[in-house]
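Below is a structure I'd like to ask you about.
Letters are used for the chains, namely A, B and C, taken in the order the chains are written, and counting of residues starts over at 1 for each.
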Amino acid sequence: MSAAAVPVPAVLDIAGTPGIPFGRLFGVELRKSVDTRAGRWLIGITIAAVLVAETIFLIVSAVKNLDSSYGDFVAGAAFVSSFLLPILGIMLVSSEWSQRTAMTTFTLEPRRMRVVMAKMLAGVAMTAFVIAFALVIGLLGNLLFAAIQGQSPAWTFGWTGFTGFLVTQTFAMVGGFALACLLLNTPAAIVVYVVYKYVLPGLIALGSLMTWFSHLAPWIDFQAAQNELYDMPLTSAQWWHLVVSGLIWLALPLLIGLWRIRRAEVK
Amino acid sequence: MIKVEGLTRAYGSFIAVDDITFECKPGTVTGFLGPNGAGKTTTMRVMVGLTPPTHGDVTIGGLHYKDIPNPGRHVGVLLDASAQHAGRTGREVLEIGARTMGLPGTRVDEMLDLVSLDARESTRRVRNYSLGMRQRLGIAHALLGEPTVLILDEPANGLDPAGIRWMRGLLQGYADQGGTVFLSSHLLHEVEQIADEMILIGNGRIVARGTRDELLRDATGGVSTTLVTALDNHQLAEALTDKGIVVHPAGEGLRVTAEPVDVGRVAAERQIVLTDLRAGHEGGLEDLFLELTAETQRDVLPNEVTANEVTASEATASEVRA
Amino acid sequence: MSATTAPATLDVSHTPTVPFGRLVAVELRKLADTRAGRWLLIAIAGLTLLVLIIQLSVVLGQDLHPKYIDFLQGMNTPMGILLPVLGVLTVTSEWSQRTAMVTFTLEPSRVRVIAAKFVSILLISVAALVIGVLLGALANALYGALSGHTVVWGNPAKFAFYYLLLYIFGMATGFAFGALFLNSPAGIVIYFVYSFVLPTIFGIAAALMTWFESLQPWIDFNNDQGGLIDATITGKDWAQLAVSGIIWLVVPMAIGIWRIRRAEVK
């Protein structure tokens, strides 16, 4: 049949093919996050929600003659995006499993950790985009508000507020990302995330009625610890609360999740 | 090129693949045959690192899959054509692959062209693809990086007859240029025409291997058979029996324990008009396949009909299809 | 094929249509026979129990004076969040797992299937109520026994009715959102936006604008259900609950069912 063909050595010549550079993986992951209808809708809804929230806030501020400053406008945007960014983080990971594209992804790049890191970086890039968008829209809102009020705009926001905004939004996205790595299932990750965000604070508040628990609470309440970031500088105790609770809610699920992805049989 | 050594994969107490060893040489097509659930897919998944082996080792060109840099440029893989994001277009699926491998965008058009997905089809979402279209897309994806090794799980699945013929030519050409092709199938006739070597697997174990002729020799025990149909079968049977040749009725014709040339000679001597004369290999191979994998076969063959009869008619059917 | 000539029509006289009860039984089974469904049910039970235990230890430790309804309220938090998810998944899993193709070929009357699904979540609501009411009673009795305080029961029959409505509203709203989007993540996310993000926005808007404050009760289904949770609902509240319920429950449900009826099942 084909025995006449030139004998080919039974080894692969890999001299001409360097490994896939990380930048390329990152670019591909970024593309994958917006090339489906689901991905585009999520980004679209986030942007639309930020716009709507800002517009409502602007109208209300103007009508009610509120004392709104730049920080308030950005906070309005942050309220909306902090809900949707974790969903973005979740979808980045779990859609590979629910759509079974992980099979293709991991045959093209078997070093799975590099893929996951590229995904995480894509998530961070998109978070940065949302943050930048929120800052610009907040800026416009504040300028418009000042123009309507006929006074010079108030820029009370400052560096500390900015840091808090940046860090909490990134944490929110990474938190969703970590849960998705852990559960590898979109609905489950979303539900657990919502329980974490909305049920847990109530439980912690309830438990804090007991003195022994109220001492423990700051060390496990990651959301409360993050809120302190808006009021920089933090005391060293506050820093430690942030680190410890962050280890529990961010680092631990992420590590277990990465370990799971590394070993998982991809079906 | 592909080397599987003592590979075992167990799921709890269930052993999907049981200590198998084989090799695929460059410039050849290796067929991996077995009934549903024999362990074909698991073996292929271990090859590309999606499933960790319980024991044993697989190397491709001397390397573990995970150590091949940019593996898409060396190994083309198609495991499950349905495992694509339903919300992406066919073109986008290839685009992502091309970008990951660092290929120019023109490669995507070449591949779409190669597998005959036209511009309109390529911009539809995979959700709306038929099984055959998904299969074509999967083949295009496997060929994207101009790999020298192809690992294809049931590549003919869902393809129309023209598509199956096209794919045979494609894989044959690939091997002729020195490529290594490893493909699985549960249909013998799909593989036997292109595979230089066949590996039969059942219940996770290799039950037979070799070239088509080697397998046939084993199957028939060195005795050749011929399938023949004459205008007057009765007359032919008598003539053959006179010569001491064993004859059995099979389907519309006869199964004869002799070389086709001997049968033809007898027919010529007696001036019997033949309508069909061919070597009875297909039946032999099919028999062997069914027999070797009988333990894992899901369906019990009816006892009343002899296996020969069944396979003879199936062989005719496959002939027609081919 | 065979030599005997069979009539070219189907003889359907011996196969009555699939009875509705059987459809409901099958749908109920589908809720629990996958890992996702089972985990959700386990999560609901586990979280509810956890909340109750925390609540009980807090009231005992702090010497508080809870009433029966306080325990029901505590349990409503996890139930109120997770039961609607079950409602969403009841519909959407057929689409994401593509089982709708099988389901709708076995019973081509899609509305009957949807109705069977809906009845199955109603039954789950009743089961959740029974479990909730009993657990709450157990907690309240335990509290009485361990603290030595007199136990306040209030009007358990009324509470049971209100909480049944709550669970049904929650699951049915999830169900409606699921039918509307036919996609699990979208259905769940939009449901949570509706139940967690929207109330805050409504609250802020109402606090700032008086005209909205008077409008809010008529359009805020979440808020209106508060009257059921603390059992303070009265005449006008019922009307508001009905109106907001039409907006957030009936309308999405109607559109969703219309969509399922017409959708091409892939």
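A few notes on this one:
Here is the rule we use: contacts are C-beta pairs under 8 Å (C-beta built on N, C-alpha and C of every residue); 3 or more make two chains touch, one makes a residue touch a chain.
Source: prediction; values computed, not measured.
Two chain pairs, A-C and A-B, are compared here, and A-B has more C-beta pairs in contact (counted per touch definition above). When every chain is represented by the mean of its C-alpha atoms, the one lying closest to the mean of all protein C-alpha atoms is A. Centroids built from CA atoms put chain C at 51 Å from chain B. One inter-chain figure worth recording: chain A and chain C are separated by 29 Å, centre to centre, where each centre is the mean of the chain's CA atoms.
Taking each chain's centre as the average of its CA atoms, chain A and chain B sit 47 Å apart.
Multi-chain contact residues, meaning those touching two or more other chains, occur in chain A at positions 38.
Chain A makes touch with chain B in their complex at residues 1-3, 5-12, 14, 17-21, 24-25, 27-28, 31-32, 35-38, 95, 99-101, 103-104, 106-111, 263, 265-266. Considering their complex, residues 1, 25-29, 45, 48-52, 60-63, 65-66, 68-75, 77, 79-80, 82-88, 92, 95-97, 99-102, 141, 148-149, 172, 175-178, 196 of chain B touch chain A. On chain A, the positions that touch chain C within their shared complex are 38, 41, 53, 56, 60, 63-64, 66, 79-80, 83-84, 87, 91, 98, 185-188, 190-191, 194-195, 197-199, 202-203, 206-207, 209-210.
Taken together, the chain C residues at the contact with chain A in this complex read 36, 39-40, 43, 47, 50-51, 54-55, 57-58, 61-62, 64, 74, 77-78, 81-82, 85, 89, 96, 183-186, 188-189, 192-193, 196-197, 200-201, 204-205, 208-209.
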